[in-house]
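The structure that follows is given in the form of structure tokens.
Order of writing sets the chain letters: A, B and C. Residues in each chain are counted from 1.
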Amino acid sequence: MAQVLMKDLNKKYDEVHAVKDVNLHIRDKEFIVLVGPSGCGKTTTLRMLAGLEEITAGEIHIGDRLVNDLPPKDRDIAMVFQNYALYPHMTVYDNMAFGLKMRKFPRAEIEQRVRDAAQLLGIQELLKRKPRQLSGGQRQRVAVGRAIVRHPQVFLFDEPLSNLDAKLRVQMRVELKKLHNRLETTAVYVTHDQVEAMTLGDRVVVMKDGWIQQVGEPLELYAHPVNKFVAGFIGSPAMNFADVTINDTGGVVTAESQGLRLQVPPAKAGALRAYKGQSVAFGVRPEDVHIATGADPAGLTFDAVVEVVEPLGSEILLDVRAGSSTTTIVARVEPTVRSKVKDSIKLAVNPERLHFFDPKTEQAI
Amino acid sequence: MVIERRWKKWVYFYIPLTLFVIGTLFPFYWMFVTAIRPDAELYRSWRAATNTPFWTLQPTLDHFRDLLEKTTFPQWLWNTFFIACVSTVISLFCGLLAGYALARLKFPMAGMLGTSIFVTYLVPPTLLFIPLADIIRSFQLGNTPWALILTYPTFLIPFSTWLLMGYFKTIPKELEECARIDGATRFGAMIRIIFPIAVPGILSAGIFAFTLSWNEFIYALVFLSSPEKKTVPVGVVSELIRGDIYFWGQLMAGALLGSIPVALVYSFFVEYYVTGLTGSVKG
Amino acid sequence: MKKPIAGGSARVEVLAPPRTARRGGAGAWLENERLLAAMLLTPTVLLLGLFIAYPFVMGVWLALSNTSVGNVGEFVGLRNFYKAWNDSIFRTAFWNTTWYTAWATVFKLTLGMWLALLLNRSFRGKRIVRASMLLPFIVPTVLSTFAWRWMFDPTFSVLNWLLYRGGFITTKLPFLSDGAYGMWCAIAVNTWRGMPFFAITLLAGLQTINPDLHEAASLDGANGWHRFWNVTWPLLKPVTLVVVVFSIIQTFSDFQLIYVLTGGGPANSTHLIATYAYQVGVATGLLGEGAAISLFMLPVLFVVVWLQLRYLRRLEA
């Protein structure tokens, strides 16, 4: 009952075309995350949904209403801002009650709802304080509380965690997810942090330069990015890229660059044959590169020199240089591996997890 | 801190500062001493051996009594107070609304309007008093408090608008966006969220506007004629000097009493006043 | 369907019924940005238009006519301006105004800067000293100028008494009874009144300067004077410029100080443009000529305002 539909949505400022032909169907109860680098149009999209920016072209429906011309107050939404936007002259209680008061709810109902939300968020003790007497995490909770007392049709979140320190951010991330599971309200969440996007979103929308790049469930985006941008943006450490030339010698398709000569697995060979003699972008995620063992076929291995070793405890990141090339590749290996800087090692790639992108369109092949 | 020798601190700090303090405050002390000095002492030859100019042994309140009983000074005080308050309120009202619009709303010609208000800020009253006198006369406002209540805002509004615009810009705009999502109209968000938060700025602008209207002279001099309608500065100038004779004791008593209200307002809100003062030039 | 939040109260959702969009109608201006802006600006634009723009146009018309009190004038072209320019009193007044503005500004800036630097240090009673230093600025100019006039009194001047007792003079100085002395007295009083404004504004500017810069400079071997010129002054220049512009405008258009202190005398030797315009336009009743005289302030103010706007633009860019 509270699905959100965006149809051919556009936003143009004087000089900038900030949002371009966005089409998005957000399902009821879904937690959807808009993610992308700054200036990609994600916040503008959210603000158009909230009614804070005028829509240049296109339509937005919330539930079964076209909301293009509705002021924010009539859209039945609630929003949590990056700086929390708590009203400094009001107590926590009044902050949370403000929206209900504006909608002329009966006093007892307001009281009940604020108490319930405060209990849910563990901020009952803070109701009489002013925002400036709260810590960052507490302010965050109040901001969320203020949104949930209204029981809106859609929650909007504009980078709500980015002002918190790293530890608190992880904790609040989990709480937000729990809260959503409990409230089951449609939520649209904007962030530039792909980890947040992956962990929170039922589906993730990756945006760049005002365009939607890809919409999908987190693991789908991770495993099957539709283009080089999504491939590079999702995942940390980021996917390794190298420019390779496609060769076809006697039916065997290979991707080659200096120091790298990989046999393309049959599944991709067909499509790649069309790029014979051309250069394409090759990508492989760090965890799909491992220390070669006897079981790895020769066509999937390459020689490398270790340049940097980053032991993270649960794993080790090896920054290596492939052969004599300038291409550096990051490999995520078992913590038991004992490699030192300047060691020569042999690495192998996982043939099912290789990505190739068209050199011009950057679309996945 | 940079470490200094003690004599250096005296030469470079205490002595100059003391001189500044004396220089700044001496005229006020002189006002006070003159106001409580009997006439016989005031007009004594300056070479007289018994002359003790810096204090008096026979302090008297005669000058104050004369001022309050024989002149319309109390009426002037009330006039000044009334005119200053009303014109301050009008200016704050206009300045709040205009400052908000210029700081927050997008509309065609916003930049041009902002610039013109700033330019009017810099137009001195002495440039316009002659035509204004004519206009006041043709509006039948001459010799009424309204002549001043309506014209003082011409220099108070630009200043308040400028100051409040600067203040509004420091308030995160998410606050009103959130209020609008919470169910307020733009106007409602302005009234319920932004204005309450801007109270310190409003106070600064108000205090500053009040002192400016209290001090205004040329419009009051030109637009008012009957003695009982005048403001303190004009009354003191035109009514306490009879012909060519200056009654210094009374004049200084008037100057002192006329300064006390602003000085009081000022002393209660020094910080706000200073914010207003420094904000008035920064914008 | 949303679950009721904690506590499991089984109340039904009482969402306010979604109101329909208000397009037009009485409340539309509450939401529409442009309508709201127009409403909010109306009182200001009306008042400023009626009492600044209209008088300004009217002033130009008056200046081009021979209107006097009780006499509707006719268009006389630039005759009033021509007449003023050939009037020796006006020339003196114009020259006085320039002289007065220039020196008063120099003194206010120098002393104000000095005072600001002194007040920028921490010492006991700083708050009260700072507060009392602003007194000259907030007390009505007319009233404090009377105190000065009394201090400059030809017969009973306390300053003369001080100088005489101190052995600096043997005869009284003709403070206000000589034109040249009179101008300097006016400059002194204007400086006394305006300096706090400089000091407090510059002090606010000083307080935004990071003290680390001074420490770094003194580690680099800079002495006090060098630190001022190489660290403080460059950072203070923007605010100084603005204060100077404000002060020039106020000083150039000053009226009350001279009106009370000398009344333009003796023998019209200490008039400023504004006091002379008052004498001609109001005291004598020649509105046209008076308006023309005050309009002579315009070019100077225009240049100053223009510089100021250009500077503001540059700051915004």
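In the analysis below, a residue touches a chain if its C-beta (ideal position, glycine included) is under 8 Å from a C-beta of that chain, and two chains touch if they have at least 3 such contacts.
These numbers come from a predicted model, not from an experiment.
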Practice item. Identify the chains in contact with chain A as well as chain C, in label order. Key: B
Review point. Of all chains present, which has the mean Cα position farthest from that of chain C?
Key: A
Check your understanding: Count the touching C-beta pairs: is B-C or A-B ahead?
Key -> B-C
Study note, to complete from the structure: CA centroids of chain A and chain B: separation to the nearest Å works out as 57
Practice item. Report the inter-chain centroid distance for chain B and chain C in whole angstrom, where each centroid is the mean of the CA atoms. Key: 12
Review point. When you check chain C against every other chain, which residues touch at least two of them?
Key: 31
Check your understanding: For chain A, which residues are shared contacts with two or more other chains?
Key -> 71, 103
Exercise for review: Check each residue of chain B and list the ones that touch at least two other chains.
Suggested key: 185-186, 188
Check your understanding: Of all residues in chain A, which touch chain B in the complex?
Key -> 50-52, 71-73, 75, 77-79, 81-83, 85, 87-89, 98-99, 102-103, 146, 150, 156
Study note, to complete from the structure: Counting only contacts in the complex, chain B reaches chain A at residues 172, 174-175, 177-186, 188, 193, 196-197
Practice item. Using the touch definition up top, name the residues of chain B that touch chain C in the complex. Key: 2, 13, 16-17, 20-21, 23-25, 27-28, 30-31, 34, 42-44, 46-47, 51, 53, 90, 93-95, 97-98, 100-102, 105-108, 110, 113, 115, 117-120, 122-135, 150-151, 153-154, 157-158, 161, 185-188, 211, 214-215, 217-218, 221-222, 232-234, 236-237, 246, 248, 251-252, 254-255, 258-259, 262-263, 266-267, 270, 273-274, 277-278, 281-283
Check your understanding: What part of chain C is in contact with chain B in the complex they form?
Key -> 27, 29-31, 33-34, 36-41, 43-45, 47-48, 51-52, 54-56, 58-59, 61-62, 67, 111, 114-115, 118, 121, 123, 127, 129, 131-144, 146-148, 150-151, 153, 155-158, 160-161, 164, 172, 192, 196-197, 200-201, 204, 214, 218, 224, 239, 242-243, 246, 249-250, 252-256, 259-260, 273-274, 277-278, 281-282, 287, 290-291, 294-295, 297-298, 301, 304-305, 308-309, 312
